[in-house]
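Okay, so chain A shows up in both of these, paired with chain B first and chain C after.
Moving on, here comes the complex of A and B:
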């Protein structure tokens, strides 16, 4: 089975996102970790599959005949999604420290030509520095859920969750207690997974 | 510009893959390595955030020589010449501890120096203090002292029985893999532990026996399996021996009687036994495959005067149920240190040559040929015996590499008294720890991040360690120091110094692989190309071995060993010392804490010894959670903080053996030993507990 990605025949294994990435196309996918199940929360991997706009991470490649990642329509919608995503982040408080993926969101905004100042729907503004190892800056959180999946599906600890609904949704360690008082073991998998600097290693020397 | 170097975590025996990101010569963010077959992209807090000890200002940067009772800086030439001279003067009364934190290559060169130049088999390492009973029991019953299976088998099992271990604290990534099996595949979990551990949240059965009654627990399970006819008769007939004698011994008591000794409910013991012998298939078990059960244990079984008996009792369960040698089954002593498996493989044990080869003519010949000299054939002294035999003058000089006995031996006051009687003590390590402080010469070794080599993890996987930063100060890799010393000793003895001339760790590994058949197919090059591989791997085209004992045991037939339950411990509670002290570890601190106390974040998480005490025992002493307390035994005392919790049984305390604020559990523990494995009884001694009296305020006057 194969699928045509922007006109190139590609093996239809795994999800459409897998096929797109295998074809060498750099499609944003802010909530999808290489080794973990798809979340389908961020909608930044939108493509046009047989004429329908779909999130590539959530659809099996098998059964799709052609995918357009660069049509005028899908580029416009994807850009808007990225602009809405960028609107959740408070400009100027990104900080300099971050995990290995910390620049992923901003690289995606730049590549897709998103106007990061178009919307301002900033999420919460809490800062949790209780852990000696990392900090959580809610104003950089895009609610992608990767930290939640890393904690649950990778480490099976389940210390982090998404609380409340709709516009009030928040990432939170347990029942509203700070990270250091929760069941968090500070394994850092959430920090490694965060595509912004919302979860960031603490700066400065940790020795002595 | 940051550089990312793939290596292996220096903490526990899980052997997680780490990527060290280095900028300006310093390690920054540590990334997980999804390509690593043992850790699958996971890390724990120590691997992720705990490697900054390598940059700590306390690192030793030059050799030190004691002059006029003060350790003074010296050159490498001065120090190594002096060591060579003095070691030779003590030939015949010499012993050495190797390091389970160092690499296979370091270990191999060290045992070579001890055997070839010092002419003795007095070499040992911390396996003596953790899993020597497991190794003894497995060698007797199966013929191999290694974990029989792989972490993948925990995920393929239909039932996991974990006894005397707390994976979420001590092997966190194995705990994650077990949770994955339980959550995603419906694998059943049985926990056997006198303390309620975190994994109990997911357990089908939690057996909480009276401390020190493990033999009764496992014999009771065996009785229940026999009663229910759940024994694997075909496996026993085809693969085992000693069955009749063992069965007769088991049948001497009923399940009810065994349960009574262990203070368990007979029905619970029976149900757990039945579940282990014949678990319902997990989700996704291939059709036609028999559901497997894994036995996993830790130091809760081994660190007793009946440690070897405990291990025999649990191994008998694997044999009677045939839960060995198939996917999803097997026996696993969880190894503590990053390279405790490899340090033994490389020959740093007094009982055998590298590769567990005995001192008989056939086995020793290839070594004598390769090294061009006759080698000693007498059994060497075990680590605990070396310390105990210093006062008698049997050991007068010691070479201690990457090990801190004055924090890790039992009854530390006694151990210090012994070590101070040595004529000559050389300590080689990263920091000036308690043992280094009393040494005659201290040699600065470099850390895992400053050297090349390999570690072998708990599932027999040999993995690469790679240099990420330059050695700190004048510190050098252990293999480099030991070979330099070997050349100096060789010259003084008039023997060929080329036996200690190596191009580097890859060449040392090649020599080891030539002499150890189960490593024969491995090399640094191959590990670089293919990633970590599990031994036995005898030839370059062999893919490595996921589980052992598929068709036969190394000794031929698996052997049942009947064992009887004795008194729970050498020292039991009395009026003066009414409580039982159980020691162990916590997530944040590594063993004695020499490394983790030098990681600010880990120390911030736990900076005082938590003394876990049952609410009733706390109440009767007027203690509240967080109160400062003093714990005393006949041998010493420690200060800590009450952590009131019903995770421990009434009458029991749990204290991690990390040293914090000058207090350590091993000042209290009892220096009595298992007769076979010579492991100390760390897990059980009698203590008292009281609230710490408030310090008098400065300037306050007595009224």
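Moving on, here comes the complex of A and C:
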């Protein structure tokens, strides 16, 4: 089975996102972690598949005949979604040191031409430095859910969740305690999964 | 997973509901006790507990205010205070309605057909299904052309065959959440025609032979729940032993079936990705059939009267009757059973609505639908869009606005509702719906088209995708009211 991606035949293995990336096309996918099943929350990997706008991470490539990652319509919608995403982050963190994937979001905004100031309202302003090994800065959180899935499904620790609903949704240790008072083992999986600098390693235990 | 020994998670929502009833609210401490009992990580129990709008956290909810849903506002109730969750009390037939839930009155049943005929005196529908056996019963459902009445109109036999094809133990889940403002027909069926519903449920159980059967009822629908539980007790011999009634903590998004499955599994009530579809892998990975209360009631009619009689009403592609919840500025608000394909005009007339020249608009399909002016009322009520700006038949909610009504206020109330009811999982809906509402309120700013497009095409589930309907339809038909 093969799928035509931007006109080039590509093997239809795995998800549509797998196929797009295998074809050498750089498509944002801020909530999709290599080690985890698709979450489907960030909606930044939107493509046009057989005329329909879909999140590439959540659809098997098999059964799709043609994908357009660059149609005017899909580029515009992807840009709007990225602008909504960027709006959640307080400006000015581009140079901050973070986890291994911390640059992913800003690279995606730049690549897709997103106006990062268009919908600005940071998620929140809480800063949690209680863990000896990492810090959590809510003003950089895009609520993609990767840290939570890494903690719950990869590590089976379940120290954090996405508590509350709608615009009040927040990454929350335990039932609303600092990281260090939860069952967090400071394994680092959440920091490794974070596509922004919301979760960032500390240089030492006293580093805020 | 060992079938028949469901994971502890399944007990989370019932335990949360119980604690909430006992204490009036949940706290970190009360949720921690439950999480420890069930051996669940606290953060996972907490993210589920805090996601239900009807569960108060740390302090009791303010004493229930009288209803401020759209039909009640149209009938003189005060406007919805900003930032409050679903103000609808699902008693639009009684507008302006008090806060308390009450048994559904027979007087609010209007036009009646096979579904609303007097409740059953025998079980000949079930007997017919038993005599037919699985294959013939499926063929009969197919011949009747029954489509799901929850709003998506998916062919029932196709869904059932999909689950059976998995050849694994099946879960049957009945969605009686009915959380859409302006809809009250499942409450009517459970309250006044519970045996018809039970017969449909027994037929489904006969054909699917499910390992587990769950009826998920809106936690605030106390009267409907009591009536259902009485009926289940009285007729336990007809139903599988596994039948269980689970009560939810509210939330419009529970109408989305994978969200309902997450809730039943003790997970945060947010939509899952599809595929896999529930029929392949649903509740705890079991092939799962999710059907609406009304769909099962229609099954009873099909097996009692036959597929042909069912097809005699309705449209060739969407046969049968449908329960419409019609309210607002009408003389006979209530549940009206009408053939699918009935025009909006005839539906409004059935409920004693104003003449077209005194009518301003109808909201068709609730907050996920759209407003239509009288010039569009010849549209037939069939599956899918009635107009591409938003109106849908959906689960059959119609709210009528006469010339005196504040259309701008009504449209803003719907867009505010959609923003508030976003579950928060996906970015377009969580971030986009409040901004779309603000842009709409501020006179349709330049950002609005992009926000609408991102919501419609980018959202994870139908709630986000259909959220712009009230905005688009109001701006399209009444642009002068939004300048």
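Note that the second predicted complex is superposed on the first by the 199 of 208 C-alpha atoms of A that agree within 3 Å, B and C clash if a C-alpha of one lies under 4 Å from a C-alpha of the other, contacts with A are read in each partner's own complex, and residues count from 1 in each chain.
Convention: contacts are C-beta pairs under 8 Å (C-beta built on N, C-alpha and C of every residue); 3 or more make two chains touch, one makes a residue touch a chain.
Computed from a prediction, not measured in an experiment: that's the story for all the values here.
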Exercise. More residues of chain A are touched by which chain, chain B or chain C?
Worked result: C
Exercise. After lining up the shared chain so the two structures overlap, which partner does A:27 touch, if you call chain B first and chain C second: first, second, both or neither?
Worked result: neither
Exercise. A:12 contacts which: chain B (first), chain C (second), both, neither?
Worked result: neither
Exercise. Does chain B (first) or chain C (second) touch A:47, or do both, or does neither?
Worked result: neither
For this session: Using the touch definition from the top, say if A:99 reaches chain B (first), chain C (second), both or neither.
Result: first
Problem set entry | Partner chain(s) touched by A:198 [first = chain B, second = chain C, both, neither] | neither
Exercise. Which partner does A:172 reach: the first (chain B), the second (chain C), both, or neither?
Worked result: second
For this session: Could you look at A:162 and tell me whether it touches chain B, chain C, both or neither (first, second, both, neither)?
Result: second
Exercise. Where on chain A do the contacts from chain B and from chain C line up?
Worked result: 157
Problem set entry | Touching residues (chain side chain C, partner chain A) in the complex | 28, 31-32, 40-47, 50-53, 251, 268, 273-275, 419-428, 430-432, 434-435, 447, 450-451, 453-454, 457-460
For this session: Spell out the residues on chain B that touch chain A in their complex, using ranges where they run on.
Result: 21, 29, 31-32, 34, 40-45, 48-49, 52-53, 55-57, 168, 172, 176, 179-180, 183, 587, 598-602, 604-605
Exercise. Tell me, which parts of chain A touch chain B in their complex?
Worked result: 34-35, 99-100, 131-133, 154-157, 180, 185-189, 192, 201-202, 205-208
Problem set entry | chain A residues touching chain C - in the complex, by the definition given at the top | 38-44, 46, 53, 55, 58-60, 76-77, 80-81, 84-85, 87-88, 118-119, 142-143, 145, 148, 151-152, 157-169, 172-177, 182-183
